[in-house]
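Labels run A, B, C, D, E and F following the written order; every chain starts at residue 1.
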Amino acid sequence: MDLEETARKIESMDIRGAAKIARAAASALKSFAMDYDGSDIKQFRDELKMAASRLISTRPTAVSLRNAVSIVLKGADSAEDLVMARKNIATRAEEFITNSEKALNTIAEIGSKRIKENDILLTHCNSSAALSTIIKAHKDGKNIEVYATESRPKRQGYITIRQLVDEGVPTTLIVDSAVRHVMPNVDLVIVGADTVASNGDVINKIGTSQIALCAHEARVPVMVCAETYKFSAETLTGEIVKIEERDVNEIVRQKDFPKVRIFNPVFDVTPPEYVDVIVTEKGVISPYAAYEIIKSLNSDS
Amino acid sequence: MDLEETARKIESMDIRGAAKIARAAASALKSFAMDYDGSDIKQFRDELKMAASRLISTRPTAVSLRNAVSIVLKGADSAEDLVMARKNIATRAEEFITNSEKALNTIAEIGSKRIKENDILLTHCNSSAALSTIIKAHKDGKNIEVYATESRPKRQGYITIRQLVDEGVPTTLIVDSAVRHVMPNVDLVIVGADTVASNGDVINKIGTSQIALCAHEARVPVMVCAETYKFSAETLTGEIVKIEERDVNEIVRQKDFPKVRIFNPVFDVTPPEYVDVIVTEKGVISPYAAYEIIKSLNSDS
Amino acid sequence: MDLEETARKIESMDIRGAAKIARAAASALKSFAMDYDGSDIKQFRDELKMAASRLISTRPTAVSLRNAVSIVLKGADSAEDLVMARKNIATRAEEFITNSEKALNTIAEIGSKRIKENDILLTHCNSSAALSTIIKAHKDGKNIEVYATESRPKRQGYITIRQLVDEGVPTTLIVDSAVRHVMPNVDLVIVGADTVASNGDVINKIGTSQIALCAHEARVPVMVCAETYKFSAETLTGEIVKIEERDVNEIVRQKDFPKVRIFNPVFDVTPPEYVDVIVTEKGVISPYAAYEIIKSLNSDS
Amino acid sequence: MDLEETARKIESMDIRGAAKIARAAASALKSFAMDYDGSDIKQFRDELKMAASRLISTRPTAVSLRNAVSIVLKGADSAEDLVMARKNIATRAEEFITNSEKALNTIAEIGSKRIKENDILLTHCNSSAALSTIIKAHKDGKNIEVYATESRPKRQGYITIRQLVDEGVPTTLIVDSAVRHVMPNVDLVIVGADTVASNGDVINKIGTSQIALCAHEARVPVMVCAETYKFSAETLTGEIVKIEERDVNEIVRQKDFPKVRIFNPVFDVTPPEYVDVIVTEKGVISPYAAYEIIKSLNSDS
Amino acid sequence: MDLEETARKIESMDIRGAAKIARAAASALKSFAMDYDGSDIKQFRDELKMAASRLISTRPTAVSLRNAVSIVLKGADSAEDLVMARKNIATRAEEFITNSEKALNTIAEIGSKRIKENDILLTHCNSSAALSTIIKAHKDGKNIEVYATESRPKRQGYITIRQLVDEGVPTTLIVDSAVRHVMPNVDLVIVGADTVASNGDVINKIGTSQIALCAHEARVPVMVCAETYKFSAETLTGEIVKIEERDVNEIVRQKDFPKVRIFNPVFDVTPPEYVDVIVTEKGVISPYAAYEIIKSLNSDS
Amino acid sequence: MDLEETARKIESMDIRGAAKIARAAASALKSFAMDYDGSDIKQFRDELKMAASRLISTRPTAVSLRNAVSIVLKGADSAEDLVMARKNIATRAEEFITNSEKALNTIAEIGSKRIKENDILLTHCNSSAALSTIIKAHKDGKNIEVYATESRPKRQGYITIRQLVDEGVPTTLIVDSAVRHVMPNVDLVIVGADTVASNGDVINKIGTSQIALCAHEARVPVMVCAETYKFSAETLTGEIVKIEERDVNEIVRQKDFPKVRIFNPVFDVTPPEYVDVIVTEKGVISPYAAYEIIKSLNSDS
């Protein structure tokens, strides 16, 4: 799959989910580097940058995408010649993908310990990190059940319920509006994150923040599963995470309601006070430790 | 439209909404009485009771339906002969319908005074009382805007947005999950009620309670518009308002997800602490005054 | 049992619980009237008043005791002669006792409808009204479980757990400090009341208010079961319900800790915002309807 | 003092405070009636109405003023001739003034019982009902202290502190911004009310609502002292209590800050959830009982 | 005292309190090492490990015990021969004990600065760190008073009140249920901690969390005093702090209530939102800084 | 301006604001060092210390003042001779001033990104950091409006409104009591800080904490702008930030109210739970990251 194809699939949401997008972009940069048939390192760098821009443009507000691209791109910085530059890009892309998958496993390992026998969980949308954690607990022999929301407008809940019942996890589908009604039965809310800001705000699929609010109202803990490359260093310098708005026809055909404004924000912001823990591959933290994570990322990379 | 036809339309939700169901039932009882061609008052009373039971069975948890039927049925109690009994039933049915419509107008009149110039409102589902109130404010020349939720699974929000834009009210459609995200822009939440319990609980379309919670979190007042025949005297004697569950295929086809449990509750319970006022045809009250209203209803009828 | 004996048993808490104290006092006044062997109605009234004072002095802060005595005493007011006065006192005492028992049954009948299949309840101290309600639900075939607190210092929880297991209700004993720890498992808190004030405050066994707070924090409803003679008309005119302090040796022997102050308040005040419903024999109300109840009591008696 | 003079003094706030304004208006109507030298009852009624309008126009948002005028005006309705009409007006005005003063005393009597030995109170602005209550407790020999706010812009706090120290009550003056800072020392907040709405909202001097919020945050009870003629029947029919805006030069001279907008609202709205009790001459109620009070007023008058 | 004796005393709670257990275990390991009369370092290490396991088994959920044992055990890792290994164990044990005591003093020094003249404190159970802090403030000449809870079931409050009155601190004993009732008089809650989790959860004696909730409701700050070896690195990797359950006969004799389930959890979890500061020997921190402390511990040791 | 003159102007509040005071003190120390005409380094150090003490005594509770003085003073520590010592002091003073101004710009740069088009802001008192941030957003072309409080007793709001309208920012002045009333119109609260404590408490101008409370109640974010030299390392070791009390005549002339106690605290404490972000020159953090900042300051300097 070449870079443009990857870009298009991210745009159309055939490739979806912060982690999958990030890995697809890394993979596309690797392909780009491997397939490059020019001979000039400067030109390579320029074209690589354009390729990177193209990828970022597909979901311009996705921090994991930007983080992935930025990590891979550094491979070309220090390279002395084109061969090394192409090889570095490929290596970094592979490493990113490997680390990303390893992080997912670590999160599942860590997070699943916080799921207790007979827990009834609730999840929203379709997060790899959240579902891996749930499935790990199930595979460890814990007797659990899951409520999954439909997750309008794109109904990613359908993917979630398929994955869960395929693994044998007893699963109940509800509409997004039924969350507060079922909350008294829920023991733990588990969701993913698109972005974590330096003050601990969690940006995730639209609806997450009202689920977290309903959980907080009922003293139900909220566990966010998020790889550290979803933590946004840009928020440290004041950037507000821009909430992407997608095509309103995802909700209903505009032409059927010509005079109605349709508003389709993809994410919302859950304040840290409604999140008990974020499970990262570095461990279980309070959302207020986001500044710590971002600082350590900066010093790592 | 004969009684059985009315009953079926209520079952299928072709006739929808607490007030419309109540009036349709009253009307059906009137038709039943007018069309009755027997000659025995005792037999009339027995068949009338069966007719009433048939109507109530269509939405067994709808308090307004039960209240309407019960008010009309009293017409046969004191009648001395069949002619008078049939006439009484017809008269009471007409009165109920007239009073119900008058109540709607009074609520719109009263409630619209609480809508201020430049207010941005948010409504859920499709409540006659709430929409009449909004439209009254608009017709009084107030510059207002409305956010309307989709209201899954039946998407009554589509009816709402059509009604509002047909009246010229600027309207924005959102998915149910986007409520907390838009709440900082909202000045007033206006919803209807299916039932009001003696302690002030408001039972309304699934999702209402999390909207009220989001409003309360943001200090946005919540106004419930409800005719007094939606106040449930049965809750005074301990009955819990049973939350109707409807066909799960309203959400998604069960056969497409054979191993998934689908849960489709129609209503939820909003506690009185999240409701600022209930506007009834008797005036603006706190939800905690529900006991008062129920007591006065008992002494009225 | 003569009046003085009754008075002493109330003082020593051999007769305990707002309802039992009230009935015992009514019964003692009846005995006093029946046994009276004087011949002067004026003298009878004077001695009756002294008898009443003696009874009230045993638990001077108990509103149900004062209400019972006051209701019975009215029997002597309008009587024309001594025979009638003695008879009236006896009749009113019997009526009070009968009504009190009937109220208990009505509360159990009403309140038990609010207990759902598989509910896990939590109760505190040893309230006839609360336990009757729980046992009624159990006898109706509902599968329920109960957490009961020890209720230091007098450990009335021991009586409660005996009553519950004797009825076959699965029961778990916890210390008072464990309430917040078990609250996530609890579906409904059921307690009695010593007094209900005109603004809705519920005065009950020390510890009730922190249980209600823990319930509110976890969105667990709190149901108070209270006969209407526990509503205090005196609070309407500004009286603050005085919190009785009992012998500190109920907690620990003072002589073992000579330099320590020991503080033994018997009751505390639960604000109405933490109480979902009060179940009275007049129906299910919000605590904020207390003013209503008190007004209707005044006009009834 | 003739009617126009009274009207001007109300406008200039030489006559201030909901109760004083109401009594002054009643008194002015009495003078108007007594001094009337026409001979036609119809003309009298017309001029009386104009006089009433003039009085109401001085503080058009003051419910106690409107209530007072409306109560007095009824005196002319049923009168058969001019003599009787003038006499009725005078009588009703006197009665209103007497009842108003009696209500103040009753409130002080009732409310002061809720002040406990060693209580530290906090009050805002200069409310007769609140101060009478505080001074009654002091005169009853209770050892109390009071924090009084400055109450910008008109600094009615200066009047308050003079009245309190003149009575010998230890008093501390703070700026309005220092309320939350001193709240941990406070045992009870006592304020008056300009208006009480049918849902329990308390409209009072600007700043009251944030004091109540600070009190609620610190579990300090808030007691509102308000005669029942401050309860607004108009709110029952949907009227929103209009918040009066006064001359901005009360804050600072506009000409000193020509480009700055100055906003000078006189009142704000305290939601009932932050008010523990309202003390009226009819007793201690929850703010949620406002509907009850308003209904009883309508049936009384 | 040999290792087995120490182990038994920890099991029986003759040695109690997280800090004392930790020091006793360190001391027992030192004795074990000093008394060891074998000659093989490998065998020494094996037996040492068994000794460590025995100690840990006494209170398997106590993080301070595990931390102490783990710190001491490292002494054998790098030792080249048996002599050095035994000596290292002894040295590390002594250091642990010294550091633990120094930490206690530092905490008392730091924490006592946050106690103000005339403060009324409330403490629960019997925490060395909390009591040292209180006594330090008292010795510094501050006029303070303390409410101490009974702390059922083991009534460690009796030890607390003896220690406090022996030091001359005015102390009042209350039952655990009376906490919310006295909270309006309290200026500061001071408790210890058994464990602090990586997200800031404080695990401490059963009842602590509802005390913290009551404090938070009344805007009373909660200060936790905890040495950093009570911070659990294991929680970082997902372990949930297991709440120890002890013999139910600590509450009441099971045989007296054969059909009753008795539940005796020793600890509960206070969420960080109810804790204002944790005072450690490293300084005053927010509970949300727990991740920081755990990371620095890992890099220290 | 010599040191004594600077000291006096700080005392009289002619020089006001945490940042300005800090820079003035640094500048005064520089002047002191440059003007020093002695010849003995030891004596220089002694006199320097006295000069420093004099400066600190002017506002003994101002952490930025102490931090500035302490940073500059270090210049004399390592100097080998008097020449170098004087030069070092001058250099460090200049650096402090430069860094302080740079920090202000960085904060404005970062913080202004969080202000959105059409935002309505509210600010309190007169904070350079907050105003720079607001003005930066305005200069970036964002359409914003500002509510500014009067800020009794010193009315620093007058300075604020002048600065804002001079820059062309539409500004509305309100009294301090009107904050909760206007809060529903506000999108963002922006204030400065006098001190930030190690647990995240923000100490700022009296009134800030109730503004933050009102904002939190209405889900309006609170942004604190504070240079890192306002973070207090002393709070880490237990010091409580002492709240300065100033001359009561700032509020009203004591002699006009001889029997009234007047209380004039200058600052109050806003708990971190009401603060969404602190913008420092090191980035956007949660207030709970204060410990991090303080630790990094210690290691920096």
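Here are a few things to note about the model shown:
As a working rule, contacts are C-beta pairs under 8 Å (C-beta built on N, C-alpha and C of every residue); 3 or more make two chains touch, one makes a residue touch a chain.
Small disclaimer: the values here were computed from a predicted structure and weren't measured.
Note on connectivity: the fewest steps through touching chains from subunit C to subunit F is 2. Residues touching across the subunit E and subunit F pair largely diverge in numbering: under half of the numbers involved belong to both copies. Residue-numbered contact pairs of B-C overlap by over half with those of C-D, the repeat interface among B-F, C-D or A-B. Note on interfaces A-B and A-F: more C-beta pairs are in contact across A-B. Its C-alpha atoms superposed on subunit D, subunit C is turned by 120 degrees; the angle is given in steps of 5.
Computed centre separation for the pair subunit D/subunit E is 56 angstrom, with centres defined by C-alpha atoms.
Averaging C-alpha coordinates per chain places the centre of subunit A 39 Å away from that of subunit E. Counting partner chains per residue, subunit F shows two or more touched chains at residues 217, 273, 286, 288, 292. Interchain contacts give a graph that is no line, ring or star and is not complete, per the touch definition above.
Chain pairs that touch one another are A-B, A-C, A-E, A-F, B-C, B-D, B-F, C-D, C-E, D-E, D-F, E-F.
The part of subunit C that touches subunit B in the complex is made up of residues 109-114, 116, 273, 276-277, 279, 283-286, 288-289, 292. The touching residues of subunit C, counted against subunit E in their complex, run 147, 149-153, 158, 161-162, 165, 170-182, 205-207, 209-210, 213-214, 217, 243, 251-252, 257, 259-265, 268-269. Those residues of subunit C whose C-beta lies close enough to touch subunit D in the complex are 197-200, 235-240, 271-273, 286, 288, 290-292, 295.
Note for the complex: subunit A touches subunit C at residues 183-184, 187, 217-220.
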